[in-house]
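What follows is a set of structures to go through.
In the two complexes below, chain A is the common chain; its partner is chain B in one and chain C in the other.
What follows is the complex of A and B.
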């Protein structure tokens, strides 16, 4: 049996080697994609374009503006002395948040009254908007407390007021909250998923279209030997990809690898078996190369990007969709790879997704050989 | 250009579409299914933040702070822990997204008029979510702190000093409830339209070449221009049909309101269809087999998803990448669709995007037409 598997694998290897161009594409492409998208994607909410409508033109209004520009959250995109242009600014998306300081602002403050300012947010991108609103209101609150303290001091009754609560925040696993540390491990999982399924989706159906499958049928090779034999060369090739993309993530983007590199590689092999298996199952089940390719793309591209937790947290999805995500292997691998990279977790904590991937891979391969038998 | 010949081709294409059950499935079921699943999946709302509270103080002050968190509606204080070790475990396992640590002496320091430290630990691994969570947290703590300050100040002023303050009124335009579905569902709609039209067009022509029927067409009196037109018209119809279909689902199922003009939306989607059909045609001219066509589509799809502003804001990308995004037609269409859906933008604002789409569409169609006729001649 081992002998026959080796023969099938060797034959497939020769096939792959003959088409050097495709092989080069397969090896170079993942790195290119990880580098391009890793470089491009940044979800940090910083330097948001802010419109300031200052109708008061006073020292206090300029102070408030200064408070907004103090941190790195806002950049002034538009500064205007009247309200009229605001509609156009927001409609065109030139600013995502606006601060309106009404006339009489300074007067209200010096009379010891509550001055009102208006914050207007472009809510269309709700994620950016909520963060922007939170930062804007916190800034205003802080400014307000400072003004009250100053007023008391001027009366000479206060003795310098300390802020009652001093918040110290820490971000674990990703102290500088760099989105690249989150995105790059995710990209590795998503790209491997898409590529590996595309890779194997052709193998069996190509033989069927060319008629060489009949030769295989009359040979003494068993279906499961054929499936495993076909899989082996692709596992080796994609394993090379894994090493390359992980190296790219470490060396180019400096993503910390806090856990064990050996564990990453071992679990990648498990994941590759599952995702290559999906391609193989598609290949065995489809009648033409075209169908195989279409199905492979539909089954892997959108789900592995949208349903895996790559950009949209699975926790935020409705329960029914969460169930659906459980059949997307990229989801488990994403959890695994992020946990090992950022949280430095070991197999003790990751055995659940690892076991699932293992079962999923085994199930898919078993199903493929079963479907292949029927077709014979 | 002979319109009768063009219509013949159109009719032939339609007959082919009707005969192919796979294609019909692709036209009707796939877009509907995709919108239903992905429309739900692409939520970026940060709600129900699972929080672990480590309250060493257990006083009125610490309880009031916790109430401020629950009262905001964003935080679920799911875990009350009694040792720092438990915080490690909860964060490691991803069960808690943040830990609120109120140290012993919190209340005492506050009542003595000093600064009481408060420690908050976030799971930073999902940088996007934790950025939002940190924003909320900061706001709540700031508000809590301000109330105490005011209280202290009015006592210090002996009730005689009038305290100035700033009160903010927050108004959210375009999407007052800040629901991400209103932003994402229109984008998923664009995505689906691109997938269906681009892939189908490229496949349809390459298939004829592969089967060899393209040569039969070449020896007929049909000119390449007529052939291309005849081949694309059915897909324009299919694209429009899909547009209506997904539009209906967005409005009636996902309850996303279209603020702007629907006719404008449809005209603009025609512009977009021009570009995606053009891309499909272009793919068909550079690939010999359906498999190649599929591969090339894949390389166009991926940047369209990642770099168009569909998932990640273009504003944050490095300058060079921002330039690259100008070559992605979906980028313009997303601005148009989101603008019409959410902001009610008209052509006075959207004309640059519309012009870019038109220019791109005409250029790519012209390019593929010349390549196409060369290969046929």
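What follows is the complex of A and C.
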């Protein structure tokens, strides 16, 4: 049996190597995806174009402006002493956020009254808008607290007071909140899912379409030998891809791998049994390569990108959908991979999702071998 | 085989076919396209499950022991079914392994097949690049790589030029002489003359069974025995058609 499995695997390797297109896909695609996704999906909110409408032209208003421009979050896109042009600026997207300091700002401050400023954000991109408003709020509150402390100091009640509650925030595991650190490990999951399902979905169907399956059926080879044999080259190729993605992520984007690389590979193998298994099941059940490819795309890519937590947080989904995600293998793998990459977690904490993947994979493979009856 | 039946939905492809083939015989299944030849041969090889009936191949029951049967038979399908993106050598090695040819025998079997098929110089060529006649010979070789007792050949010379067909039948003769039972389907009447016995199949039924001479005698009409199997065949078919029309 082992001999036959080896032979089937060897033959599958030859098929893959002699088909230039699939080879290119397997090597080039992962790197391409890392680069594209890494550069393109950047939810980091930095250098937001800010429009400043200063109607007060005072030292305090310039102070406030300074607070906004200090640091990387805002860049001045427009500076005006006039409210009129603001509509056009926001419409055309030259600024995503505007700070309007009304006339009388400095006066209100020195009179001890509450001074008001207006912050307008472009809501058509709600992700950016929410973050921009958050930054703006924080900046203004800090400014406000600083002004209050200074005022107290001036009125001579001691050496000044610190604000009663001060929040210091820190982002563990990804201190700079670089979205690329979040995206790239997830990409491993998406790429593995996509490639493995696509490639394996073709393998059995191709034999059927070319007629070579007849010769296999009439031989003593058993379905499970065929399935395991066919899987082996794809597992090895997928390993290669995992290494490629990790390397590309590290070299191009400095994505850290805080956990053990060995564990990443081991658990990738477990995930692969699930995703390759799905591809195989499709292959065994499809009548043509066209069908196989289409079904593979729909059944694997869409759930793994949309429902796994890759792009959209699972917790934010409706409860029914959240239940649905519990049968998506990519979701578990995503948890695993991000935990290893960013939190450096070990198998002790990750055994539950790992176990699910293992059982899912074994189940699907068993199902495939059942369906692959040696009959036409 | 006894009363083998195969239905696909409402279509009866094989309608109670019975026959026996002794060891070492070349048995031919002759009939027009769509008569049920390929379906029958596939049932014998365990590729298709019969709807009903009984049968045994090489002493093993076709319903209960299909996997054992497969170890003892070689099969060459109608449509070329070796891997076109593998070399001649790789195909031979693949099937040798699949059929469990032991390592010590592998080199010998490979050499034998290459010699037999005349492909010694082209063992490294991609199978897809071979001409049809060579492909068939390679397929025959691969079907025999494990020295099976019975060979099933489904229209092995379809689409091959007459010279190659003659050469091919020489190969089949040699094989039968070495004690292998050969079950062959064909629609080339002249080839059928080479067989020890023939089953004439039409509309899923055997309408005549016996040696070529027997069949010609069977087709006798008014004292006239046909010279060729083709003539015999046509007469027998017409007889069957008019019998059906009644």
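In this section, the second predicted complex is superposed on the first by the 341 of 376 C-alpha atoms of A that agree within 3 Å, B and C clash if a C-alpha of one lies under 4 Å from a C-alpha of the other, contacts with A are read in each partner's own complex, and residues count from 1 in each chain.
Basically, contacts are C-beta pairs under 8 Å (C-beta built on N, C-alpha and C of every residue); 3 or more make two chains touch, one makes a residue touch a chain.
Since the structure is predicted, the reported quantities are computational estimates derived from the model, not experimental observations.
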item: Chain A as common anchor, with chain B and chain C clashing or fitting; value: fit
item: Residues of chain A touched, compared between chain B and chain C (which is higher); value: B
item: Contacts of A:345 with chain B and chain C, given as first, second, both or neither; value: first
item: Touching partner for A:321 - first (chain B), second (chain C), both, neither; value: first
item: Vertex chain A angle, Cα centres of chain C and chain B, expressed to the nearest 10 degrees; value: 100
item: Contacts of A:174 with chain B and chain C, given as first, second, both or neither; value: first
item: Partner chain in contact with A:221 - chain B first, chain C second, else both or neither; value: second
item: First (chain B), second (chain C), both or neither touched by A:15; value: second
item: Minimum distance between Cα atoms of chain B and chain C in the superposition (Å); value: 17
item: Those residues of chain A which chain B touches in one complex and chain C touches in the other; value: none
item: Chain A residues touching chain C - in the complex, by the definition given at the top; value: 3-4, 6-8, 11, 14-15, 18-19, 210-222, 374-376
item: Complex contacts: residues of chain B adjacent to chain A; value: 22, 26, 30, 34, 37-38, 40-47, 65, 91-94, 110, 113-132, 134-139, 141-146, 148-150, 152-153, 156-158, 161-180, 182-183, 199, 203, 207, 289-291, 294-295, 297-298, 301-302, 305-307, 311-313, 315-318, 321, 335, 338-339, 342-343, 345, 349
item: For the chain A and chain B complex, residues of the former touching the latter; value: 33, 36-37, 39-45, 49, 64, 90-93, 108-131, 133-138, 140-145, 147-149, 151-152, 155, 157-159, 161-175, 177-179, 181-182, 194, 198, 202, 289-291, 293-294, 297-298, 301-302, 305-307, 311-313, 316-318, 320-321, 324-325, 335, 338-339, 342-343, 345, 349
item: For the chain C and chain A complex, residues of the former touching the latter; value: 42, 45-49, 66-67, 70-71, 73, 75, 77, 79-86, 90, 93-95, 97-100, 142
